[in-house]
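Shared between the two complexes below is chain A, which has chain B as its partner in the first and chain C in the second.
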Partner chain A sequence: MPPRKFLGSKNLTGRAKEHSQFLEALKLYESRQYKKSVKALDAILKKDSLNVDALALKGLNLLSLGEKKDAETYVKNATSKIQHIGASAVCCHVLGIYMRSTQNYSDAIKWFQTSLDNGSANQQIYRDLATLQIQIGDFKGALASRKTYWESFLGYRANWTGLAVAQDINGEYQQAIGTLSQFEKLVEGKLSEPELYEHNECLIYKNDIMFRAAGNNKDKLRNVLNHLNEVEKDIFDKYGVLDRKATIYHKLGDSKMASKHIRMLIQRNPDDFQFYKRLEEAIGIQNDNEKKEVLYGNLQKLYPRSDPPKFIPLTFIDDRSKLEAKFADYVIAQLNRGVPATFSNIKCLYKNRSEFISISDKVINEFFQQVDPYKNPISYVWTCYYLAQHYLYLKDFSNAQSFIDKAIESTPTLVEFYILKGRILKAMGKLEEATEWLEEGRKLDLQDRFINTKTVKHLLRANNVDKAVETVSLFTKNDDSVNGVRDLHLVEASWFIVEQAEAYYRLYLDSNKKLHEKLSAVKSHGFGEEDVESQLKDLKQLEWSTKKYLGLSLKRFQAIAKMYRQFEDDQLDFHSYCMRKGTPGAYLEMLTWGRKIYENPMYVRAMKGASKIFFQLFDEPTESKKAFEEAFSGIMKENTKKSKKVNSQLSKHREEERKACMASSESEDKDVFGLDLISSENPLEVFWNEFYKNYSTKSSEEVRDYVLEFEYQYRTGKLALCLAALNKYAKYHGEHSGFTGAMAITLLLATRDSEPFEAIAQKVAFRGCESIKGLPTAERDNQEFDWSSFFTEHYQQDLPALLFLYKHDARQKDAYKTLVLNQISTARPQHQMQVLQYQL
Partner chain B sequence: MPVTIRRATIDDIICMQNANLHNLPENYMLKYYMYHILSWPEGSFVATTTDVDEPQMDQLSLEDGKGQETKLDPNYLAPGEKLVGYVLTKMNDDPDQQDQAPNGHVTSLSVMRTYRRMGIAEKLMRQALFALNEVYGAQFVSLHVRQSNRAALHLYADTLEFEVLSVEKSYYQDGEDAYAMKKILKLDELHPKNFANRKMAEKLEDDFESDLLVA
Partner chain C sequence: MSHNIVSLDNVYANRLGTFIKLTNSVLPVQYPDSFFQEIVHSKNGKDTFFAQLAFYSEVAVGAVKAKLIANKKGGILPHGVYIEILAVLEHYSGKGIGTKMLEYVESEAKRHYQHALYVHVASDNVHALTWYKKRGFEQDGDVLIGYYKNTYGSANAVVLKKAL
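Here is the complex of A and B:
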C-alpha cells in the first residue's frame, strides 16, 4: 500500500552522486540492459542499503530478467521502508510498473497515482493509469485520467477517441458526441488517405452513441437518421449503415422503408436468418401464415442458393400435406447432394414441432424404399445416414445401428459414417467399442484433424487417457516434450484439457473404489494364499493412482481457470491500441465481452468439475481419512521389507509418468501431478481464489449458478447466503422446480439442533424457510417425516435435483436412490451408466 | 438448425479458436483472434446453426438426450447457437510492405467436417472478400494453402478464381509446401448478389420495391 502523500525522501536530497548513479541505472533499465542496471544499483546499495529508489528499481530489473522471487523480495523491502520515509515520484512510478507487470493492477494504480501526487511531471502516466482503471472496471477514474492526458496531448486523434469512449462508458453520451464532433471540425478537409478508415469508424461510432441515447424517442431517432444520411458517403461499412437505417425505420414505424432496407441487407447476405425474421416484422406479417408463405415463395426465387427461404416455411405452415411436400423438397434435395448435415439441419423441428418426427419417418422411409443403391449410391448412403440419426434420436438403437451398418457396407470409405457409428455405440453405453470404430474412421484420413479430435474425445470418454494423448499428439508441436499435452495448453485447447480433467476424475473414482475394496479385504482376511508382494504392489499402485488422478483432474480444471484469467488480461493492450487503430465500436464490444468472460460455457464446466473435488476434499471427515491412512500404513509396516522393494519398483516409472503429464515447462511448475493442490489445508479458500471469486463477482445475475452458490455457502456455514441463493433460484426457475425444492429441504434440515451450524445462522435460515410456500417447517424435527415423498408431490422431479438430495440427506438416501433409478429408466444407456457408475 | 452466415464479433472468437483447433494443425492463441477482430472488425465471418424459434431453456435436462454436456460444450456460443465454420482475415499491416497497394490476407478458414458440402466455405469467403474490398479498400487478397489440400485448392482456384503465385517450400511447421495464392478484388464483381443464383439459371434480382406479398 503506497503512502497517502509524499513524506520527503532523504534519498534524493544531499546525495547528488547517488542520485546521478540512480538516473544512470534508470536509463540502463529503459534501454533493457537489466544486468548492467542491477550492477549500477548494487553500487548504490552497497553504500546505502536503505535506498528505496535503488531497491525498487532493482526489483523491477530482476523481474525483467525472469527472477520473480528475488524481485518480489526487493520490492517488498522497498515498500515496507516507504511506509516510514516516503518515496520519490520516480520510485513510485517504478513500483507502479512492477505491480502492473505482476498483474497487480489495483496496486499499480495506487502507485501511479502516488507518483503523480508526489510531483511526477511524466504525463504518460495518465495514459497507463487510464488503461489500468478500465481494465479493473474503474470507469470513473479512467475518465478523469483520459481527460488529463487528452488536455496534455491534444494533437492526437487517439486521445480524442479515448476521451469519447471514457465519456460514453460513464453514460455521458452528449459529452462523448461533443468530443467526437469537436475533433471532426478540427480535421475537416485535412484528412489523408490512411486516416480515412479510422475517421469512418469514428463517424459510425458517433452515430452509434446517438442511437443508444435516442432510445425510443422518435424525434431523436429522426435526428440519428439525418446524421447517418449526412455522413453516409464517408462511411465504408455500408452493411452497418443499412442495418442501422433498417432498425431506425422500423422503430419509427415506417414499414415501407424498413422493409426496403432489410431487402438490401438480404441481397448482401441471403444466408443470415435474422434478416428474414426482421423482414416479417417490418412488413407486419409475423402472424399471417398465408402471407408469409407467399413472401418466402418469392424470396426462394430470388435466392435459390440460400437456405432460409426454404427452411423457414417449415416452421409455420400448418397444413399437413403441404408440410410433408415442403419437407420432402427440402430434405431430399440435400440427401441427393450428399449433405452430411441434412439431419442436423432439421433436428430442431423435431423438438419444436413434434409432428415432424412422424413426417420425417414417413417421408424419408418412403424415399429410402425407392432409392436404388446401385444407381444412386450417394442418395442411398446419405439416406441411411439420415435414418440412423433419426432412429438414434428416437432411442431406437437397433434400427439406428442397422442403417449406419448399411451405409458403411455400401461406402466403407466415408469418415462421417464411422463417427456416427461411434456416437450410436456411445449412446448405448458401449464406450470401448465406440473408440474402435472411431479409430477405423481415423485411419481412413490421417491428415484430417477433425476425425482425430473426435477419436480423442471418444477415447477420453472411455477413460483411455494414454491412447488419447498418443493420438492427439499426432497433430501437436511436441518439440522437446514426450507428447502434445504441453502444446495443447499453450494453444489453449480447452476442449482437450476439460475432457482430460473429467476422464482423470472418473479414473480417480474407479481407483479409489478399488483401493478401498482391496484394503478392507486385506484388513479382514489378510493376504491369503496369493503372492504377498504382488498384492502389496497392487495396493501401492492403487493408492498412488488415486492420488495422482485426483490431483491431475484438479490440475487440468485449474488450467482452464488460468486460461480465462489470461483471456481477461489479454484485453490490457487493447485499451490503448484500439484508440490508435481507430476501432472504438469493436473496442466497446470487447469491454462487454470481457465483463462476461467467466460466464463462458467452458469456464463454468471446469469450475463445476473442480467444485466437486474441492467440496469432496472439504467434506471428507478427518477421522475416516486418518483411519484409512492408519490401515494402509499398518499393512505396509507389517511387511516393511517387501514394501520397500515394491516402492523401488514403482518409483522407477514415476519419472516417465511425470514427463507424460507435464503441462508446462519444468521451471514454471513443480507440482506436475497436482498433489500440492489436493493436499491444501483449506480447499474452500483455494476454490474461491482459483475459480469461484471471478465467477461469483463478475457473472451477471440472470445466468449465475445458484445451486453452486448454495453448495459453496452451505460449506462456509453461511446459511443466510444459502437462503439468498435459494430465493434467487426460485425467482428465475420457478418455485416448483426441482432444485427449489431440493435446496429448501436441505436448508430446513440444516437448521436442526443436531447440525453443526451457528445458532444465529440457523435462526435466520429457519425464518426464511417459514416464508417458503408449502414447506412443512413444523416437521423439521420429526424423524419419521418422509421428505422424499414430500419432494415428489410438490416439485418437478429432475435428475440433478434428486442427486443433490441423495447427497445431502443421508437419512433418506435409499428413497432418493429409488427416485433417481426411476428417473433414468427411460434415458439413454450411456446416461444410465454414468449415473450408476459415478453418481450413486 | 440450418446454417446462418454472419459477421464475426468478439463474442465468437473463443468458438472460432475452438473450431480451428478441431480442424486445422495451425493454431493461434486467443489474443491473435482478438487482434484480428479489434483491428479489422468488419473482415471476418462465422457460420452458425440457429434455432429459428426461441431457444429452448430446457436443454439442461437429461431426457431430451442432450444433457448438460451439450450446453457446456466448446462449440456453443449461446443456447441453440453453435459455431460450425469461420473465416479469419486481416489487412496486410507488415511495416516492410507498406509500399504495396492495400491488400488483405486470409489467416484461417475452416468448416467442421460434418457441415461440409453445403457451400459454407464459399459463402464465408465471398462475404469476406467483399468486405475486405468495400470496407478496407483491399486491392487484392492473398492466402496460403497446403499443397495436399485438394478441397481447399478447388475452392480457391476454381470456385473463387484465385491464381497460384508461387510454391513456398516448407511453409508449414511439418515441412509441407504451400501454394501462395492471390486474387485481384473488384467491388462490382464481388457483390454476393452475383452468386445468389445457380449457374445457368435465369437470373432474378430484387428491386427492393416490388410487392413480395403477391404470388
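Here is the complex of A and C:
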C-alpha cells in the first residue's frame, strides 16, 4: 500500500505543539518510516493518551509493520473514543486506509466518506472511495464519487474513462457515450503515438455501449454501424470490427452483408465453429438440411484442412448410409494421420446422437480389420486407442482392455496409452493397479508434466497421499519445505489441493471405521493373547490418523475458499489500474467474472466437501462422542505405563508429519493439521464464515445449490428457509425431480412433534408442505406409512436424492439402502465402490 | 514436424525410461539397471558410449547403444566400436530406422578413428543375422556357447564384424 498525501490537517485535535508533532509523524508514515513515526506518536500519547489522531495513525503504522493484533487494539481504541468527541478529517482518512488494508471495505467507505464530510480537502479520497464502492458492488455511490473526482481532475483520460464506465454500469448509456465523445473532441489531433492504443480501446468501448444500448432498434443499429465505419481506421482489432459488423448486419436482417462479413471471418480463422453456425443463421438455412449440406460441401472445398466443415454435417444429416460414409471420411482420415484426439473429437456425437455409437462400432472395427500394423503402425495403434475409448464409453471393459493392451504392445513408448489404461482400470474400480500403469508411463519421460500430474491425480484417488506428494514434488519449488505442498498452495494449484482434501476425507472415513471396530473389539474381548503394546500402538495411531485426516481435509478445502476470496479481493487494484491503462473492455469482463467467482465449480466442490464435514461435526451427538472418548481414555488408563511408552514412540514421527503437511510457513499458520478447525464449538458458524456466506449472498439465483441451502438451514433450525429452498429447487429442477421429493419428505417429517424444531417454524413449514401437490401430509404422524414407496412412485429416482433420504430418514434407512443398491447396480464399478465404501 | 519421418535424438536423463522400455520390449535379454544408467551418468568418464533414440513420426521406436573400445594393452576385446544394443519395435521394422541408427554408429566410429564395428547376435536370431550381413557384417570367429546369461532366447552368440 503506497502512502497517501494528507491534506486538510487544519482540523486536527490537540494543541499546537502536538499538532506539529503529529504532522511530523504523518510525514514519516508517508515516507514509510513506520518505526520512527511510531516513536513520534508515542511522544504525543505520553502527554495525551486520548489523542485519537495519534492512536489511529499508530494503528496504521503498526499494521504496516506487520503487527496486526496491536494495530487492531489501537484502532479500536481510537474508534471507540471518536464515538464521543468526533474526529478530524485526517484521522478519518487514516482509519479509512486502515480498514481498506484489513479488507474491511464497507467500513473503509464509511471512514473515507466521514473524512470528506468533516472537511477534508483531499480530493484523492474520491478516487479511493470509488474503487471501494465498485469493489463492494455499490455502483451508484461509485458513480457519484467518480463524478466528483472527475470534476476536480479533468486533465486525465483515466478519469473520463472511469466516469464513462461508472455511467455504463449504472445503465446510463447515453451519458457514458456522451462522456467518451466529449473527451474524443478534447484530444482530437493531439494524440501522440503511444496514446493511440488507449484511444482505440476507448473507441471500441464506445461502440460497445452504443451496440448494447441499441438493442434491436434498427435505426440505432444503423447508427452503431455508421460509427463503426467512421472509427474503423483507428481501431486496431480488425477482427473485432468484422465480428461486430457481421452481428449488426444480421440483426438488421441484411443477410447478404452479414454472410459476406462472416465469410471474411471464416477466411481469417476457418477452425472456429461459431462462425459456421452464424453463417447458417445469416443465410437463414439453419433448418434446411439439404441446403446446409451443399453449403458445407462448398466450404470443405474452400478449407480442406479445416475441421468444422467436415464435422458439422455429422450433426444434422439424417440419412443413415450417407451419415456412415461421412463419418468414415471424417474419422478415418484422422486415424490415418494418427490424431490422438480422434475419439474426443466425436465423443459429443455419441452423447447427442446415439445412432453414432453403432455406426462408429461398425465403421472403425471394419477399418481396424484392414489396417496392417507393419505397413502403417501409427494408424494401427491410434485405431486401437480409439476403440479402447469406444468400449470404455460402452462400459465394455474387457474389450477396452484388450485394445489398449494391443496398442501398448505395439508401441510401448506412447504415454497416452498408459493414461488410458489407467483410466480403464480406474473405471473398473482397480484404483491401485491404475496408479501402477500411470507410474509406468510416467517413467518414460520424467520431464513430462502432464503425465506427472495425471499420475498424482490417480494416486490421490487411490488414497495414496504420500506417494502423490512425493511425485508432484518433482515439479514444484521446494526451497524451504520438505515437499511441494506449500508451493502448490502458493501457486494456487486448486486441482491438487481439492483432490488431496477429498483423499484425506476418504482416509478419515476409513480410519474412523477401523478405529471404532478396533475399540469395540478391545472393549468386549480385551486385548487377548496378542501383544498389548502393539495393539495400543495401533489404537493410538488410528485415533490420531482419524483426527488428522479429518482436520487436514477441512484445512485443504478451506485453502480453496481462501483462494477465491483472494481472487475477489484482487479485483480491487484493477478498478483504478484499468482506467489508467485504458482498457475498459477487459475491465468490464473482469467485473462480470467477479460477480460469478463463487459459482465456479471448483469453489462449489470445495464448499460441498467442507459442508459434509461441518454438518457431520454438527450432527454428531455429544453422548456418542463422549462415550467414545471415555472408552478410549479408559483403555489407555488401564495400561498407563505401556501407553506412555507408545506415546513417546509415536510422537517421534509427529514432527516429520507436521513438516510434510505444512501448507504455509509456521508463522502464518500454527494449526497445521486443522485440529483447531475441527474442534470448533460452532461448526455451522465456521462453515458460514469460511464458505457459505460468500456463496449464498453472491451466487446468482438460477445456479445456486438449493439442496445445500436446505441442508444448512435444516441444521440452523430455520424450517421456513428450508421450505423456501425446496420451492426454489422445484422451480428450477421440476416438481418431480428426486431432490424435490426428498426435501419435501424430509421437511414434512421435521414438523412432527417429536422433532427438535421450534413450534412456530414447524407450523410454517407444515403449511408450506400442505401446498405441495401430492404430498400426503395427513400421513405425517403415521408411523407405518411407507415413505420410500411414496418417493419411488412420485419422484424421479436419482442417486443423490436417495442418499439424501438415506441420511435423513433414520426409520426407513434399510428401504432406502435397497433403493440405492438398485440404483447403482448399472453404474461403473468405480462408482459402485465409492457409494458402498463411503456413503452407505 | 521434421521433414524426415525418421529422426534420431540423444538419450537425455529424463528419457532414459523410454530407452529402457524399448530395450526390454524388443530384446529377450535382461540388462541390469547400471547398464542403462551409464549412458547418462558415465562412471568417472572412462568409457565412451554412443546412444540414441530413434523416432518414427515423432514416436520413439528404436534405441541404439554402442561402446567405444579404445586400443588398450592386454584388452580381451578387439578395439573398435562395439554395438551393445540396436533395437527397433517389431511393427516399425523395415522402415529404415535400424539402418539410420547403424549409420549413426558408423559415423561416430569414424569420428573417433575406429576401423571396426562389432556386434554379438544370438545364434538363433536369423532375422538379425541376415540384417547385419546385408549391411557388410561378417562372422568373426566361432560361436560363443552360453554367452547370454539372463535371456529368454538362445544363450549362444556369434560375433559379427564390419571393417570400416
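Here, the second predicted complex is superposed on the first by the 826 of 840 C-alpha atoms of A that agree within 3 Å, B and C clash if a C-alpha of one lies under 4 Å from a C-alpha of the other, contacts with A are read in each partner's own complex, and residues count from 1 in each chain.
Operating definition for what follows: a contact is a pair of C-beta atoms (placed from the backbone, for glycine too) under 8 Å apart; a residue touches a chain by one contact, two chains touch by 3 or more.
It should be emphasised that the depicted structure is a prediction, and the values quoted were computed from it without experimental measurement.
Asker: What's your read, chain B or chain C touching more residues of chain A?
Answerer: B
Asker: First (chain B), second (chain C), both or neither: which does A:Tyr156 touch?
Answerer: neither
Asker: Should A:Gly338 be classified as contacting the first partner (chain B), the second (chain C), both, or neither?
Answerer: After superposition on chain A, A:Gly338 lies in contact with both partners, chain B and chain C.
Asker: Between chain B and chain C, whom does A:Asn600 touch in the aligned arrangement: first, second, both, or neither?
Answerer: The answer is first: A:Asn600 touches chain B but not chain C.
Asker: Would you check which partner chain A:Gln447 touches, where first means chain B only, second means chain C only, and both and neither mean what they say?
Answerer: both
Asker: Once chain A of both complexes is superposed, is A:Glu492 in touch with chain B (first), chain C (second), both, or neither?
Answerer: first
Asker: With both complexes superposed on chain A, which partner does A:Tyr838 reach: first (chain B), second (chain C), both or neither?
Answerer: neither
Asker: Which holds for A:Pro412: it touches chain B only (first), chain C only (second), both, or neither?
Answerer: Touch partner of A:Pro412: chain C, not chain B.
Asker: With the touch criterion stated at the top, can you tell me which chain A residues are shared between the chain B interface and the chain C interface?
Answerer: On chain A, the residues that contact chain B in one structure and chain C in the other are 338, 447.
Asker: Can you check the complex and tell me which residues of chain B touch chain A?
Answerer: For this pair, the touching residues of chain B are 1-7, 9-11, 14, 17-18, 21-25, 27-31, 34, 37-39, 41-42, 49-53, 56, 60-65, 67-68, 71-74, 76, 80, 84, 112-119, 123, 127, 130-131, 134-137, 148, 173, 191-193, 195-198, 201, 204-206, 208-209, 212-215.
Asker: Going by the contact rule at the top, pick out the chain A residues touching chain B in the complex.
Answerer: The contact residues of chain A facing chain B are 197, 236-240, 260, 263-264, 266-274, 277, 283, 285, 291, 294-295, 297-299, 301-308, 311-312, 315, 337-341, 344-345, 347-348, 351-352, 393, 395, 415-416, 419, 427, 447-451, 453, 475, 477, 490-495, 498, 566-567, 570-571, 574, 577-578, 581, 583, 585-587, 589-590, 593, 600-602, 604-605, 608, 798-800, 824, 826-828, 831.
Asker: Which residues, counting only chain A, touch chain C once they are in their complex?
Answerer: 338, 373-374, 377-378, 380-381, 410-414, 443-447
Asker: Going by the contact rule at the top, pick out the chain C residues touching chain A in the complex.
Answerer: These residues of chain C touch chain A: 13-15, 17-18, 20-22, 25, 56-57, 59-61, 89-94.
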